[in-house]
Amino acid sequence: MINKIAPSIESAVADIRDGSTVLVGGFGNAGMPFALIDALIAQGAKDLVIVSNNAGNADHGLAALLKTGRVRKVVCSFPRQVDSWVFDSLYHAGKIELELVPQGNLAERMRAAGAGIGAFFCPTGVGTELAGDRETREINGRMYVLEYPIRGDVALIKAHRADRWGNLVYRKTARNFGPIMAMAAATTIVEVDEVVELGALDPENIVTPGIYVQRVVPMTA
Amino acid sequence: MINKIAPSIESAVADIRDGSTVLVGGFGNAGMPFALIDALIAQGAKDLVIVSNNAGNADHGLAALLKTGRVRKVVCSFPRQVDSWVFDSLYHAGKIELELVPQGNLAERMRAAGAGIGAFFCPTGVGTELAGDRETREINGRMYVLEYPIRGDVALIKAHRADRWGNLVYRKTARNFGPIMAMAAATTIVEVDEVVELGALDPENIVTPGIYVQRVVPMTA
Amino acid sequence: MQKRTREEMAARVARDIPDGSYVNLGIGLPTLVANFLPTDREIVLHSENGILGMGPAPVRGAEDYDLTNASKKPVTALAGAAFFHQADSFAMMRGGHLDICVLGAFQVSEKGDLANWHTGAPDAIPAVGGAMDLAIGAKKTFVMMEHLTKDGQSKLVALCSYPLTGRSCVARVYTDLAVVDIDAEGFSVIEVIPELDFAELVRLSGVALRDARPA
Amino acid sequence: MQKRTREEMAARVARDIPDGSYVNLGIGLPTLVANFLPTDREIVLHSENGILGMGPAPVRGAEDYDLTNASKKPVTALAGAAFFHQADSFAMMRGGHLDICVLGAFQVSEKGDLANWHTGAPDAIPAVGGAMDLAIGAKKTFVMMEHLTKDGQSKLVALCSYPLTGRSCVARVYTDLAVVDIDAEGFSVIEVIPELDFAELVRLSGVALRDARPA
């Protein structure tokens, strides 16, 4: 029988290893898996590479993880925010590495990892410093930059409802990076508002099929 | 006001020009836009390139269009079926060109067209004759073939329900190529079982947002 | 000389957005445009964090922090709205499906190059978000910005000195002094505010401008 | 010598599919495997036309032609099923998310090359469908085929003479005579049917085979 509901949040994150690349869902706080991040902080893995759209807000969630000093590098599109003081001070102190990636490239590169694409010619960033020294090519009169997949060892994401097969639906714009991070990571761990019976989610409306999900942690437990 | 509901099926297909590349939805008969194909036959455009998973079944739908002799070329993954006699005889008579594309490449190449990707390194078909003389590259120890987008001038697809903004939901596996063909075509024309009020489709469950749809033809009219 | 206010600039941009358009309004100044969209037009707003058919801010007390815009502020969803994930959202932008995006800018060059993401200051933390995707993705990219910096430098330039967001991507610039189209031959002024004559606009701008105002 | 029937082959394959696996059963012979999946295991079937959690054929009269499998035959959806479009469906396959796919074959080479889509006959209409995507996409690709062609040629070969479907992609072959693993050193036999001795299997196969049967 397939039962992806984790016995506890501690067990769900227990095997995350030092040096892992961890994809963390959310656009700001919407879709941020706060409980899983807290569990990762308690678990203690270090030397992490975090891939997320932002680099933490205020002192909770991703910001709290950064504050532990266990994050070596952040790959994100928009670190600088009014309340990103934790990241800002680590960055200015030279204590964290930043790889800045345009938001659409971040999304498409994770989708590519999930879909088995080896690399793709991308229209975004051509002629900008974020294209770095990457290969470029003109195709049909337009310039493109070659971009590579971003894979995660682990994805920590938040969804609204799940069943025991790991099928997921999200809530409004909190969906954001969840579905593509689930595709891109070897192990996807999801915190959900609610677990429902198998069959309760309409097969027409499932956003992330369970094949992409390894562990589900209900917040109602 | 946005109202994509076409006044008639004839008007919906009226501007399809000779020589167009037409993406036609469906996997066999599931998702096949029979009414739109009949309207295209009546409209008379010729010298067409058809992109579809199959090359027509029995004597109706895509097979009926092929029978008119107005299709110059078929781009598909699986032409040969027990009831594909129309295509078979045109092919053996040298009256139609075939470009055979693995099904996943067909899907991903249309998705790439819709998503602005210039080309992508694809794992499927490496070392086979369907890779032809395309560029190959080893990335992280794996070989890939470079594949290019497939764009349509027009897509003819079938969905289950639509609203006047062109938002679409599909029915079961009849969804198949609809959503990606809608992304890949300059003009997407959809036949639907039913038109519902704006707001009647749950925003969480819309599969094809209206931005990809130009004209909706209700079958209930 | 009465420069256009931010609201007047927003209203001027809004006037040029046709009925039925799919539009992304960038963070900052362009957000104001939403307040001035003509009520007799149905315009579908896209927000890159995953919604088409974005509505105005909710009434106080009705905020839902799972329904936010690109600035992470609560919004609403109109009838006809759709939610989608980030790869789908950026496919819409990068695939050329949006009719118009409106962006703020530090500088716009006569080739249509846009600089709006980074001042290049060595101690500044860079942040790009969806700016580079938006700049090159929409069918038309409009820029909305003050014509001059606080110390009087023109933001219309021959060549951007700030790091680029996108190359040859800006179609039109709306400033507090003028409306300027960009084509293969460079800047072409289609509108100047009253009380400002064309020669003075050229002097303030410090770049070559063609006078393309309707007679 | 009593060769394995098609049903016995299907049952043998089914035995090797673990509880909780995501599996695609190719058209033709592999379809039979579904009938022999152990009832105490929960195995999620993928069909490339856009469903995970595919169930058996519906009872007569309950056919829904919007719910079909890759062979375009009506099927059902289990509780827990999900529908998706073609790019999403093939992302699952090509992205390495399926645990196992089972395919038919014309030939399999000792390097694990697979030929199953085209005989190469000049008048044949070629058709490939999802075969090339499946062959290279799953974590493990199993082949299920008769060991010999109708005229007694071995389908295990040193080098495929038919056009390839995928290179170095087959992990294991189930035939009516044996079960054969493929690794860097070639074919390695892990099971032979009763009444057939290993030397005779080698003779029939006409290729190098290692005997890797448990003692």
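Going in written order, the chains are labelled A, B, C and D, and every chain counts its residues from 1.
In the analysis below, contacts are C-beta pairs under 8 Å (C-beta built on N, C-alpha and C of every residue); 3 or more make two chains touch, one makes a residue touch a chain.
As the structure is a prediction and not an experimental result, all values here were calculated from the model.
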item: Mutual neighbours - chains that touch chain B and chain D alike; value: A
item: Whole-Å gap separating chain A and chain D, where each centre is the average of the chain's CA atoms; value: 35
item: Chain A and chain B, separation of their C-alpha mean positions in angstrom; value: 33
item: Cα-centroid distance, chain A relative to chain C, in whole angstrom; value: 29
item: Multi-partner residues of chain A (each touching 2 or more other chains); value: 108, 111, 115-117, 122-123, 170-172, 203-204
item: Touching two or more other chains - residue numbers and ranges from chain D; value: 51, 77, 83-84, 87, 90-91, 93-94, 137
item: Pairwise touch network: line, ring, star, complete, or other; value: other
item: Chains grouped in pairs wherever the two touch, ordered by label; value: A-B, A-C, A-D, B-C, B-D
item: Chain B residues touching chain C - in the complex, by the definition given at the top; value: 1-2, 111, 113-117, 163-165, 167, 183, 198-199, 203-204, 206, 209-212
item: Contacting residues of chain A [partner chain C, same complex]; value: 27-31, 53, 77-81, 87-88, 91-92, 98, 100-108, 110-111, 122-130, 143, 170-180, 207
item: Residues of chain C that touch chain B when the two form their complex; value: 19-20, 22, 42, 44, 46, 51-53, 77, 79-84, 87, 90-98, 137
item: Chain A-facing residues of chain C, complex; value: 47-51, 64-68, 72, 77, 83-87, 89-91, 93-94, 113, 123-133, 136-137, 163-167
item: Sites on chain B touched by chain A in the complex; value: 108, 112, 115-123, 137, 139-140, 142, 144, 148, 169-172, 202-205
